[in-house]
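Order of writing sets the labels: A, B and C. Residues in every chain begin at 1.
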Amino acid sequence: MKSSQAIILNNPKKRNALSLSMLESLRENILTDVDGEDLRVIVISAEGPVFSSGHDLKELTSLQGREYHAKVFHTCSEVMTLIQDVPVPVIAMVNGVATAAGCQLVASCDIAVATDKSSFATPGVNVGLFCSTPAVAIGRAVPRKVAMEMLFTGSPISAQEALLHGLISKVVPEERLEEETLAIAQRVCRASRPVVALGKATFQRQMAQGRDAAYATASKVMVDNLALRDGQEGIRAFLEKRQPVWSHKTEKAPP
Amino acid sequence: MKSSQAIILNNPKKRNALSLSMLESLRENILTDVDGEDLRVIVISAEGPVFSSGHDLKELTSLQGREYHAKVFHTCSEVMTLIQDVPVPVIAMVNGVATAAGCQLVASCDIAVATDKSSFATPGVNVGLFCSTPAVAIGRAVPRKVAMEMLFTGSPISAQEALLHGLISKVVPEERLEEETLAIAQRVCRASRPVVALGKATFQRQMAQGRDAAYATASKVMVDNLALRDGQEGIRAFLEKRQPVWSHKTEKAPP
Amino acid sequence: MKSSQAIILNNPKKRNALSLSMLESLRENILTDVDGEDLRVIVISAEGPVFSSGHDLKELTSLQGREYHAKVFHTCSEVMTLIQDVPVPVIAMVNGVATAAGCQLVASCDIAVATDKSSFATPGVNVGLFCSTPAVAIGRAVPRKVAMEMLFTGSPISAQEALLHGLISKVVPEERLEEETLAIAQRVCRASRPVVALGKATFQRQMAQGRDAAYATASKVMVDNLALRDGQEGIRAFLEKRQPVWSHKTEKAPP
């Protein structure tokens, strides 16, 4: 069993387009080990110079019809929200262009590391299909004016601009991409699985609430976190100046 | 018929104050051609060294009375929300100082290009009138601490700081302001009007919703967008490697 | 009577841990003069190289039990929301490390000035206690990806990064910390107390509302603000080109 699940978009000839079958396999890959006690982190990367070009436009002509289109966007939204709802952090490792739903994928990950040659765009407006679903993720990641300029002009932003505005977490030279991403992944892996799972779920939940409701939610979670075996182990280890030994089990501390 | 509507604040002697009559004429100008099939973008600029100094304080003394004051702020809020609700993108072209409701106007536009000598402030606190309505737009454009420091101190921020925090979209040297703004406007104009209209309305709508409701809204819109004549034309043109020919009409694609 | 209330975290030997008694005394200090007509600003600083290390972990072991833990987090949330709800601006003056609830404290203040050697982190994940309550304040201050990387890795961010992402308002060299903070505090003190109080409360209120409700709230407040004695005094002083003389009283202007 492995603590890190690597998911690789592996259709570089089609610019890693998020076709319906690619989306379904992405969903399957995310779900495979996600409830396994050993999994701590998922890393999504891509083969070739394009991280992902977004939906496969061949699937979006009138030949396929409305129901098929609806299925594509439903599956896409499922994958994007799944990334935020699984109990382990999901890291995007980006080396190249991420556009439309490909940019949405990066925006949906918890952490994103990108090379300085990477760029990000929502060019749907140029092909008559405004990037309205990517805008759900991007509009919640960056300031509104940044999102709107991307959406209305379709122009790409650089990795540095993406970093500046919060779309990605870190920019690195190409030769250090794996090393730096691995370092973050390893850091994430050092923590207790149920503690991270509780923390991630609570973050999503409280951010959707008003301030006072958010504090009520989070305060109760802190008390529950302390009642976990790993919550007590961590604090004891800190006070005893030793490394914690996690059980990684969702069980309460002995009284 | 023109594709770009230029609105110019033209009372530089009064620092382009947003008096009630200026607000009413701004509203009228925005609405004039907005439903015309040919309009694609609105650009708001100003004459003189001050973009706009905000409300005309002479209109806010006790001489005018409560009802008049209410009318001023009601009209102002109408103009600011109208900018976000019209079916074409609105670009602010700023060369100088934008304060109080003038800063709110910049914050309310979809895209804002400013010269490096421009600055932005909410100095109402200094004259005993806290910039609470500007704060609605500015608080949704920049991080909270940036908004609060502006509001509590009244101190201006530079164009570079405004760019950094998302209040504006681009900073340019004064001699390139028109050229750069025009380039963005032309880029916006190359898109299909009904596609942009649907995208802009959807962005505003989904951003006010929770994540899952936002995805439900946006996913349905993507399918509707694909059913538009221009949605199908854009995708066909892309697949056939040619320039799209937009109808700009809100009509469905033939089955 | 003084216009500025200085609150100093003064337990540097315990890294200014926010123990229950420290939180209670913080609450008491905030409330002491807060309704006094003369108070205009509160400045929170700390003795020693650590601004605050967050909760006292000795208070969070199973020895204290669930009810005690609940009391700690309830009191902490009370203090953090109190800072945002009191009628005067609260400024954090930070010189050193602010972690976990210490970072939450900085995020909760209206304005934060920090030295360039300061740093900010939410390392709870390392001791098995995910920083879920700090995340309420931090997640509302910075972009989501910045918050999530801090929360999942526990790694610190520098003062410059904190500034870039909106967690703090200004970075200064250590030798200028007091001078620069004082300058901002004095600027805040020059305004009318009821005007600032109305503005601060309205900012919190409207930011929790949708755009149209926010404009309805803020537009009414602008009219109310104009009806204040100090609202009319400020505008008259401006029109007469003289300094305003504030009453600092929550009373209406004479008709």
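As a working rule, a contact is a pair of C-beta atoms (placed from the backbone, for glycine too) under 8 Å apart; a residue touches a chain by one contact, two chains touch by 3 or more.
Note that the coordinates shown come from a computational prediction; the quantities given were computed from them, not determined experimentally.
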Have a look at which chains touch which and call the overall pattern line, ring, star, complete or other. complete
What angle, rounded to the nearest 5°, describes the rotation that places the Cα atoms of subunit A on subunit C? 120
Please work out the Cα centroid separation of subunit B and subunit C, and write it as a whole number of Å. 31
Shared-interface residues of subunit B (touching two or more other chains) are 140, 142, 164-165
Provide the residue numbers of subunit B that touch subunit A in the complex, in ascending order. 89, 110-112, 140-142, 164-170, 184, 187-188, 190-192, 195-196, 198-200, 202-203, 206-207, 210-212, 214-216, 218-223, 225-228, 230-239, 244, 246, 253, 255
Which part of subunit B faces subunit C closely enough to touch in the complex? 57-58, 60-62, 66, 69-70, 73-74, 76-77, 80-81, 84, 125-133, 135-136, 139-140, 142-149, 151-155, 164-165, 208
